[in-house]
Amino acid sequence: MSAAEFFAMGGYGFYVWGSFGVTLLLMVVEPMLLKGRRRAIQKRIARMARAKVGER
Amino acid sequence: MFETFLAIVRRDLILAMRRRSDMLTILFFFVIVVSLFPLGIGPEMNTLRLIAPGVVWVAALLASMLALERLFAIDYADGALEQMLLAPQPLSLLVLGKVAAHWLVTGLPLVLMAPVLGIQYDLSLDGLRVLVITLLLGTPALSLIGAIGAALTLGLRGGGVLVSLLVLPLTIPVLIFGAGAVEATISGLGGEGHMSMLAAILVLSLFFAPLAAAAALRVSVE
Amino acid sequence: MSSRIVNWFKFSSPATFYPLAGRMIPWFTAAAVILLGVGLYMSFFVAPTDYKQGEGYRIIFVHVGTAWMSMFIYVVMAAWAGLGLVFNTRVSAMMATALAPTGAMFTFVALWTGALWGKPMWGTWWVWDARLTSELILLFLYLGFIALQSAIDEPRRADRAGAILALVGVVNIPIIYYSVQWWNTLHQGATVSVSQGSSMGTVMLWTMLIMTLGFWAYAIAVVLARVRCIILERERDTTWVNELEGGVR
Amino acid sequence: MLEVVDLECVRGDRKLFTQLSFSLSGGELLYLYGQNGSGKTTLMRAICGLLQPTEGEIRWEGESIRELSDEYTREVVYIGHKNGIKDDLTALENLRILSTLDGVHMSEDQAWDALDRIGLRGFEDLPTQVLSQGQKRRVALARLLAHQAKFWILDEPFTALDKAAVSLLQQVIRDHLDSGGMVMLTTHQEVKLTEGQVKQLQLGGGGQADV
């Protein structure tokens, strides 16, 4: 089965890749958003810790 | 115990009578929403007759959602709700009292007004009869399920819209069986099956909704 | 017996749960990648072409898996929420909050793939089929849960209010599904519902199972990562968080 | 007899107080003081059961108030900043509905009498909306006259009250204490209460209870 045939998916290419594509896309985007959220909270904690050190 | 239930119902009815405008605004909203559809869809009687059950029921649903705002909000603001929580009676009974009064003030008028609107859509006599019965069974269930949403969103900014987002998905069975019964009656299939389901939902929510709403109130008033 | 209860409660404190979750995430991520890899390979190269629907039917491997996950996650969320409400353990409440976005994501994907599958088969993007309609209502329930929790500032009240809503929701799901089923058969009679499709060969069943397990492993990894974020956000001024994160920068 | 053991309350993510323990028995008055935001109201709401503390135990006659629930709330009356008065109802209606909620059956003339003694003669059947803040407070406090609850929890009861009302309320509290009742209150005014058993509890700023 050549690559072109594979992508054509018997004429249903758009629908098949539209489904699989969006599913896998979201399963990549969600962890990335989480990583951003984690970095943000870590930065905030670090800043608070520094502020506390500054106070003492 | 039952005496407190009656006291709460009487108190809320007196309060509603003293602020009659609140009650009428809900009713006017219901009438206006139902009357808008022909303007949007066209005066063609056949289509109107077809969509009548759905339109009246969706409008009743929206009117009930609108009315939920007042259910606990005023008592929460002036501290009366705290006193209800501290009353040595079961809170779910007091909640049931409040919902009963709330239904009498906002739900019942919808039921009484529905036939008039049904005529506006040229509904048959049978259709009107079943419409009133289903609304009579359905609107209390809407108030009961809505009470849970009202209790959860007590004191939140933007609470009014949030209540609808929380409660509407839960009221879909009531809408399906309510509107379905009317449509089944008109098309000759007979709406008894739907109405018995609606009655079952009402009984279920009569028992469970006050318990859930009471728990939600305890969480919200904290 | 008592020792088992004790250690269960030991894990329920954020400080002990946080590192544990951290250790589990890599394993579940790896499992997810492997399972999904195998599942995808089977979906395209092992599963035969369907005589009626041609290649388009392969969408079923994603659609059914995500639809099943969306239902499963809501029930798990309600269970964690119920636990948090009864035992007042904060980590279980955080788990419920962490599950909701992933559940909503799977529900959206299930609707998306349902629509993309419906278009070639029945010519319309949206079919008021009983399952798809229930899936749409499930999405509303998820959005309601997330909206309620984000509208409440006080974390404890948000947890417990969300828990009550999730429990009320989970009780309503069968009722909603049954009434939608009734509504669907009354109005349209027996149209071809999305899930019947072609008869299920064993290969297809296996592919679908593996894909679902892949989604399941993915969900656990993502939810554990999110619950760690929530723990950090909520415990940011406790000593153990400062020691852990404070010294990082 | 009220016992509080290692109580801890968190508001938002601020720990208001922790390891707070004290007890209160019949005939005693607990005077709670501390600057604003030190958690006085939170403590009172926790004691009366409106709020669930994060740690610690509150016991009434030896049993946790969560188990007792209705039996406990029957013994308690809580008057917070918000009076619990409906503006659209008259003072009479408000008093009778609040008493019914407390489980106390109050007849028409008992209500008139209570309102009279609290100094609201002539205002009994007016909608409370038209009454002044001090008069509304009196309506809320009129409940105490008819109430058999043993334990009064009053959050700044003297605010907005004039001289006469303050001394009247003091007398009512004294009578309640003499008859074996218990009172827990906060106030900012320097008010001379009873000579008898007065316990003090300071919150916030080195909040170690000196009780």
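General remarks:
For reference, chains read A, B, C and D in written order, and residue numbers begin at 1 within each chain.
Just so we're on the same page, a residue touches a chain if its C-beta (ideal position, glycine included) is under 8 Å from a C-beta of that chain, and two chains touch if they have at least 3 such contacts.
Keep in mind that this is a model prediction, so the values were computed, not measured.
Counting C-beta pairs in contact across C-D and across A-C shows that the higher total falls to A-C.
Placing every chain at the mean of its C-alpha atoms, the farthest one from chain C is found to be D.
Per-chain CA centroids place chain C at a distance of 48 Å from chain D. Here the spacing of chain A and chain C, counted between their Cα centres, is 17 Å. For the pair chain B and chain C, the distance between mean C-alpha positions equals 32 Å. Measuring from the averaged C-alpha position of chain A to that of chain B gives a distance of 43 Å. Residues of chain C in contact with at least two other chains: 156, 236-237. Shown for chain B are the residues in touch with two or more other chains, namely 222. Taken together, the chains touch in the following pairs: A-C, B-C, B-D, C-D. Interface residues of chain D, counted against chain C in their complex, comprise 10, 12-13, 52. For chain C in complex with chain B, the residues that touch the partner chain are 137, 140-141, 143-144, 147-148, 151-152, 156-157, 160-161, 164-165, 167-169, 171-172, 175-176, 178-180, 182-183, 186. Listed in rising order, the residues of chain C touching chain A in the complex are 40, 43-44, 49, 54-56, 58-59, 62-63, 66, 101-102, 105, 108-109, 112-113, 116-117, 119-120, 218, 221-222, 225-226, 228-229, 232-233, 236-237, 241-242, 245-249. By the touch criterion given at the top, residues 88, 153-156, 234, 236-237 of chain C touch chain D in their complex. Partner chain B is touched in their complex by these residues of chain D: 45, 48-52, 70-71, 73-74, 76-78, 80-89, 93, 97-98, 100-103, 127.
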